[in-house]
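Multiple structures are listed underneath, in structure tokens.
Heads up, the next two complexes both have subunit A, just with different partners, subunit B and then subunit C.
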Partner chain A sequence: MEIARGMDFQVVVLAGGFSKSLVPLVSKKVPKALLPVANRPVLSYVIDLLEQKNLKDLIVVVEGETAAHSVSAWISGTYIDRLHVEVAAVPEDVGTAGALRAIDHRLTAKDILVVSGDLVCDVPPGAVAATHRRHDAVVTALLCTAPASGPSDSGSSGAKDKAKKPGRYNIIALDPTKQFLLHIAAGAEVEKDIRVQKSILRAVSQMEIRADLMDAHMYAFKRSVLQDVLNQKETFQSLRRDVLPYLVRSQLRSELLSNGVQSDENGNSKDAMQNAKILPSQLLANASTPSFHELYALGPDGSSSITRKTHKCCVYIANKSKYCARLNSIQAFSDINRDVVGDANHLSGYSFSAQNNVIHPTAVLGSKTTVGPQCMLGDGSQMGDKCSVKKSVIGRHCRIGSNVKVVSSVIMDHITIGDGCSIQGSVICSNVQLQERVILKDCQVGAGFVVTAGSEYKAESLAKK
Partner chain B sequence: MVAKKGGNRGEDAEDELKREPLQAILLADSFATKFRPITLERPKVLLPLVNVPMIDYTLAWLESAGVEEVFVFCCAHSKQVIDYLKNSKWFGQPNFAVSTIESHDSISAGDALRLIYERHVINGDFILVTGDTVSNMPLIQALKEHKERRRKDNNAVMTIVIKQSKPSSITNQSRLGTEELFMAIDPGTKQLLYYEDKADDRKGTISLDKGLLMDNASISLHNDKQDCYIDICSPEVLSLFTDNFDYQHLRRHFVKGLLVDDIMGYKIFTHEIHASYAARIDNYRSYDTISKDIIQRWTYPLVPDVQFFGNCASKLERRGMYRASEVGLSRSAQIGPFTVIGNGTSIGSNTEISDSVVGEDCVIGSNVSIEGCYIWNNVTIENGCKLRHAIVCDGVIMKSGAVLEPGAVLSFKVVVGQQFIVPAYSKVSLLQQPVIKDSDEELEYDDNSSGIIGIPSISSTPEKLNDQFGTKLSDSQRRAGSEVGDGGVGFIWSLGEGGHEEEWRHSVAPIPADKLIEIIRTATDELEISNQDGNFLPPSGELEPDSVDNDSDEDARDDYSYFEKEVEATFLRAVHENVKEDHIILEVNALRLSYNLTSTDCASALFYSMMKLASDTPHDTPGELVKNVATVITKWKQLLKDYLSSIDEEIEVILKFEELCLESTKEYTPLFVQVLHLLYDQDVIQEKAILDWASEKEEAEESDKLFLKQAEKFIQVCINILK
Partner chain C sequence: MDPRRLPRTVTDPKVRHVGFFAPVGPPDESMSSPPRQTTLSPPVAGYSLSPVMIPPPRHLSSDNAPLSPLIAADSFLPVGSYNPSEFSSPSATEDFSEDNFSKDTGWVLNENSGKAALKQNTHAASGLTPVITNEGPPMEAQKEQPPASSKPKKEKTTKSERRALQEAQRTAKAAANAGGSKKSAAASAVVNSANANTKKVAKAPPRKKDSSSVAASEKKGGDRQTDKDRKKDIPHPRMQFDDEDQVEKAKKRSVVKQTESKNRVELFRHLPQYEHGTQLLDLESKFFQLDTVHPAIYAVGLRFLTGDISGGNARCIAMLQAFQESIKDYFTPMEKELTRDLPTKINGYVSFLIQCRPLSISMGNAISFLKHKISELPSTMSESEAKASLLSDIDRFINEKIILAEKVIARHAVTKIRDGDVLLIHGSSSVVEMIFLCAQELGKQFRVVIVDSRPKLEGRMLLRRLLGKGISCTYTHLNAISYIMHEVTRVFLGASSVLSNGTVYSRVGNASVAMVAHQFHVPVLVCCEAYKFHKRVQLDSICFNELGDPDDIARVSGKEDIKYLNDWASIQNLQLLNLIYDATPSDYISMIITEYGMIPPTSVPVIVQEYGEHLLI
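Entry: the complex of A and B
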């Protein structure tokens, strides 16, 4: 399991800051990285995943000093003995590329694994790293099956999603061997036409365009190349939107490697590319058939009278059975919480009871109160009589009255819920007080908010001003 | 047709298969001019391909593939085609009915199909091919797939046959000399979703409608397939041509028309063949390639030593040499590999022939060298001639010592004088080159060389041709003679537009090495240019920016900055060369239109140019700078005012000035109020514009109010004046 470590990878976790799309779920105290998924911060999923593969030296990049503080406090409390984690604070709104630029001086390894801190998945990062190394790629991206709007969605939203389905995730072009990334665009940003470069199609002869894959935001980058791009292209803000498409677009007319070599000492493999008269015989001796990049680099007559610079952009496509989701919207927050205590409960790290739920031993249930399958009830929480909980996550130290119904909702910590409340499809943040007979449907309630008795809300976002 | 299909569809369809004889339409006219001048005298389908007329290959294949009824559509030289068929064994075959449909005024495949539709002879699915197709593919499988698809979906009207063929990475053309083809195909259903040949454009990207991914989970894009021009069509295809009377070309109009039309929902599918052979002779290069394929037996059983129709059996000898029974071969003659020698031909001593086809009854002298040539029947080649990669038609006489350089084409009965060297890629004919007429018809269809080109005068009967050309021949015989050497007869055709440049692409001669190097070099240059561009131009479309709305913004800003530069250049020219104001206005207006901008933008760009001029004029102190501004503004204010038709434009000028102070020309920063005052004094801007600007700025962020504060007093004055 030392594979990725032995291969000299440095891991950067981009944990974000106070993501605007997650208001009112995030607050000064709870940055995005610490939002609970099945009662533990979402960031822990990525860190655990990396830890399993023995990737213990991490740089966690957080936007904003306050957020960095919270994250740092949580990490040192949780992983103090096991991991070596550096938390780096970068200014807010610099984007993912900006964040890497800001920690540029700390990047020293040959390759960098960049993982988004909001990723909840069970795909081994070592597989991505291995693919990356095998092809000597400049970038390798993890792609996973885009979640189809499955039956678990509520009916109405499912229909809507279907209508706009091709726009939802990425539009990705791969070579027939499904190893190389030839084109990538965010589905929502393609207005009408998908524009594919002919030069790449000519070189590869055949490509496959797919809309059913999603960029999981886990990338392996060649460090020198990443740094070159970040330095040369100062306007690039996002890895996903700028850096990756740029690398993909320029793969057959690379502007990178030459510069990379000049400014870089560890380019042994690239020196070979530099002196790039790879003779056909050499390629054949290489046992594996040359990729279209190599053939293209040889020039059309194969005699390398003209050498073209190329670089490879690879993909690792996760198996369909793997779970992979990013917590980047309120909808995703609800979905992931549902999945982690539901279909993908192996990710949660808890052992589920025979009823397929997790009820902490210290939790107290009143009489005739039922907690259904795919539910979680945190420690110290109390529930009154005749309550019913279905497909929901309830945090720690909540006090819930009697006759309360909770369906498909996430209830965080230290929440007081009065008698007779009904909560459906909603997210309730910490320290919220719901007085008696509150009815919430598809709502989000920000931290510390008080909902007065008897009020009824539907599809609203409630938060303190 | 759908309505009657009820429960047991399978049986029904099979019945249908049995009931209706399989029909085919064979277009014996390619509606193109690529084989000129040869096709002025003989229709393309009758040209010999390895000593057998092309149409015989097509008919033999159709017969073997189970087609029962063929309609041969003839237009150009229709009489010759009909006469040939009448004298051949094709008429009166059992189970294979061949009939002809004659037309004199069709100028495209579209016209032909419309005519056939009117005849009401097609009553089921049919095969559509041209008479220059060489294939040995079985049709059963493709036909079955087609019919099955149709049973499920009545809109599946056509299946086109494709074959793996990677275009050359240098010339981007296939081995058949046709342009590269980009296709998008649904990998599951094999539905054709996109079709682009070179005729479209030379853009660097392919644009696929995003909507395609809505219906198809994935799409395969191909640059490695060749269109065989063998189509399995439903009867609707004919009526579609009739409905869309502007459809001419099978691919460019019909296929693309159906693909973009999403109202009717017609679908086209592809059938890829792997083991069998199918190709169409589109140009001289494919003539060469396919001839070699036949000799190398890729088209088996359609090969010279198998008697598949009225051809003379020849014997296959070692190293791919075919020799007919009665060949007079000198002992010292050397016949190289992959060569076919026809019946009755005699070859003199010390003559070398390789990779060539020689027809019947030819007389080839001694010490002749022939390499990669196609020599048809009754050709006389005298001693010491040298021929490389050329086509020599029937009845040609080459006097001793004549030379054909690669790519030369000698049409019927041309005589080449002694020692004459026919230059590379030249075409020689007894007929004079027709003058290109500027009729509307031609302009409309003659849009490029790969297309369908029908010129009515050529599509006429040979008698007519003789009327047109024959008389001229005798008059100009002497002149003609001088063009091909002493004692020669024939005209050397001048190359068409595009000339020599493109000639090598479609010639029988292999592409010369220096040409290849040249292309590689230009391609690399282009690559470098595009590389440089990549550094400062915003990469296109979806690839670039952070959000969609930003995107268009960026474009607009970019446009504007180019516009600004051009306006500045125009203005400076006016200053230095004393151009009249009217003319500048005219030029700026033209720029405005071409960039699609508003007059506000003009005002702002002009103002910018003036201020730039003022700041570029040498000055030492800020005071001098203000003087400069005053001079420029005084001189050119009329011009500026021409674009200040409303308050909005005046505000724009102030905003522009603010931007100038902040960004490009910081010198102006302390002078903001002074210049503003100046503009006011010069009547360039009015009080109201200043006040509006001020109130607009009132809501801005603190940092943005710098100039507002500077101008506070002045604004107060304006308020007072207005009161």
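Entry: the complex of A and C
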């Protein structure tokens, strides 16, 4: 059915629901997946990336019925003629692992590619899949270089950013060849020290612990293993926090996984039936460069008398030149918006003008209004005289009065801004009305909010009660 | 360089052919010839023979005296001696002649006399000797002589014409003109002005130029034709990667984008070498777009590319198992026959695998086995039956030709191991390993010397496994081979392929091990399954080989501080050569052990012929 038939891979996009960390940006009408990044829902970046790589059968899992409804409405409107997308609704707060558990019966392919719906990146998913297949791994995770510059150089980074920063980074341990994952912990969860398993360390003999990598939430799982783990460990909630660390932890004693799922793929289970089959597989094993797993499995003396079961957890580390970010915080939202119209503008899918900005032909600009580089102005928006827009994204059908300054902000659709407003480093959701002479700095304004004339806010979150 | 080039160009019958026949077919003449013909119709007869001289003048400038006998001798060589493949670059030879021509006008003077000489039927060396003279004045005399001796009438006309021409030329020179206007041939004008100081050159240069270019174009044509012929006769075994046309075509066909690496060693330019990493990246990013490639094939290809699987047997087994997977998933499309459609599928897979890494000869044999099996399927057979039979055929091939063959070889070879032997192995070979294990089981007392070599250091893995079995080992590197050979009593080598002249094609380094062993009078036993035999003959390891990643030899694994060659690609005058295979001449090999028995290397053709068909059963 919904399988990328060619390679026996199935793609699941976890689009989430109404993420709490993104309040007030998300609302009943706008789930996280539909938050606009450069005037396109963030989910479209993932789907486009997959579509580019010829992955046209997708399962999109959304938390909550209402959210699922709006997501599926949007998908069917946008991709109906090109893609075969199934939208599955799962109850809220089941977590990513729970979401996969809920669609367990739909998973049929040999391997599953799980992609987070809030990922904005240009790393080919095939690279992850290829690494996965090459090592016949149980899980392969995409790791990206954490954006080191990003937030710090933008004017909007306030105290909030500093609080968020440790949470964005992961503590990741790799083997010397940088192919296998030995330890993973979210930076936020690490208090003082990390505990590394001695057995793994002994087997690898050398470990590289890095804090500059970010787990991009694109995983390739072996389906049989994933289903086993999900079924056996009922308490597992999250792929990132529970399933992945579990698989990494148990990679040298994978007997926990029932019926030798891993060895089944290696052809070891056939050995019992056919004695003759041992030799080819052994021959193959001897000829290939062994990873530490295989060496460990062979035991200390190299004899295979006691075969220890192992499985491989691989990583694909994206090239530094690739853009990769996750929209999981308000800060990330404005960062991604800024990057997609700025440094990573090949992702946006728009063609930029000579001034390095995108102004829709139907947008109307008043006299002496300037729109700087790295800006985007949606269709049907009107701006009065003497306005200035810098490094901002302005949505569709906004009406902006005269003498308005917009700097490093995201302004969504159908927003009315009165004369003389100044907006800096803020996010303004749809249908907001800003009356005259409002001054906003580092604020988030929830959908449908009305800011009264002359008010001034700094680093506040405004939403309808 | 020169001695090699001489016979090649001179014996080249195509060139000679071109010379005689070019004027007969007017369309073959080059651009500037028509005007010449219009103005000077009689001399055309004279020119008609001129291209004959194209090859000889080349050497005139280089060495004179010994040349003429050479030419004479060579002119009698049979046509068959001409090897089209040797004559690789017509453009190069063209350059050469033109270059030569423009540099020393001296030999251009000889043109006339040489032509005249050749008109005496080219048969005698004496007829050619005058050609060699480089001076202007004696030429007049020579010119007179040959026509007098042979075919006076025809010569007479040309001579007189030419003399008239020269006169005209002189007057033209005197008028301080380029003189070309009279000739009305633009080309001649240019050349004349260039060679203004030698007066007699007048006519010769343009002709020379024309003829050479004609010859060149003819040569190209001739070469192309021979190309076609060659294709008809023997399919070209491997692509020549220094042929730009072929490479371009292959690039269009290929699925995987390959960036060729820059500083390649000149001698090995005909072998593919790609920048490491570019292939992998491209292959990875295209993972979901390669619809034509079965996932199992893809995974195997990826492992070949990354070197996760290496070694002839392992690669062959991995490939065959991947084929099994793909056959399991294969369904004959509508209105197509399995026996016709499946081979094209397999061809696609094979070309994909070749792009990942060139196939070994053993893999080629396995593929032809599979194709043979497919073609043998009766058309009445149902699809599922056909698939089942193919799957079992592949299983049988793996078991009989590889696994059982190894066992039989081990049983044969063990008889050659005596107590107290010191056995040497280079690198890692699955067969040899099995021999050691077999001998160990039989309770023989022996010691193993594992000779290893960079960059792969495959011996370490073998060492680890042998030590695990309790065999006493010595581990050393290839550098110490002459020292360690003193104590060795037998050398066991694996092989990638055994060719019908007894040459053993195997991991690079084996040849030197065999040579040293031969020098020390230590018997060299090559263990090779019969499915790796090939009827091809190979004399060196240059024509067919594989180039590894040059970075492997530039880097030292585990020693990151050794990085003198880190940016070797940017150094213009440095090329790294990482050969994968070498060819061991049969002289150094005492015995080849196959599953059919132990044979001297001279008996390889017997195996190939007698048992070659058995491969296909």
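Worth pointing out:
Here, the second predicted complex is superposed on the first by the 411 of 465 C-alpha atoms of A that agree within 3 Å, B and C clash if a C-alpha of one lies under 4 Å from a C-alpha of the other, contacts with A are read in each partner's own complex, and residues count from 1 in each chain.
In the analysis below, a contact is a pair of C-beta atoms (placed from the backbone, for glycine too) under 8 Å apart; a residue touches a chain by one contact, two chains touch by 3 or more.
Note that this is a predicted model, so its numbers are computed, not measured.
Once the two complexes are laid over each other on the shared chain, residue contacts for A:Ala332 go to neither subunit B nor subunit C. Touch criterion not met for A:Ala109: it reaches neither subunit B nor subunit C.
In the overlay built on the shared chain, the residue A:Ala127 is in contact with subunit C alone; subunit B does not reach it.
Applying the stated contact rule after C-alpha superposition, one finds that A:Leu83 touches neither subunit B nor subunit C.
Shared-chain residue A:Leu201: touches subunit B; no touch with subunit C. After overlaying the two complexes on the shared chain, residue contacts for A:Lys53 are found with subunit C alone; subunit B is out of touch. By the touch criterion defined above, A:Asp8 reaches subunit C but does not reach subunit B. One of subunit B and subunit C touches more residues of subunit A, and that partner is B.
Note: residues 301 of subunit A belong to the subunit B contact set and to the subunit C contact set alike, using the contact criterion stated above.
Considering their complex, residues 95, 165-167, 171, 173, 185-199, 201-212, 237-238, 241-242, 245-246, 249-250, 253, 255, 296, 299-301, 305-306, 308 of subunit A touch subunit B.
Interface residues of subunit C facing subunit A in the complex, by the touch rule stated above, are 281, 283-291, 293, 295, 298-299, 302-303, 306-311, 313-315, 317-318, 321, 398-399, 402-403, 428, 430, 433, 461, 464-465, 467-469.
Interface residues of subunit A, counted against subunit C in their complex, comprise 4, 6-9, 53-55, 110, 124-127, 129-131, 133-136, 276, 279-280, 283-284, 286-290, 298, 301-303.
Residues of subunit B that touch subunit A in their complex: 166-170, 172, 180, 182, 184, 187, 203-214, 217-224, 516-517, 520-521, 523-524, 527, 530-531, 534-535, 539-548, 551.
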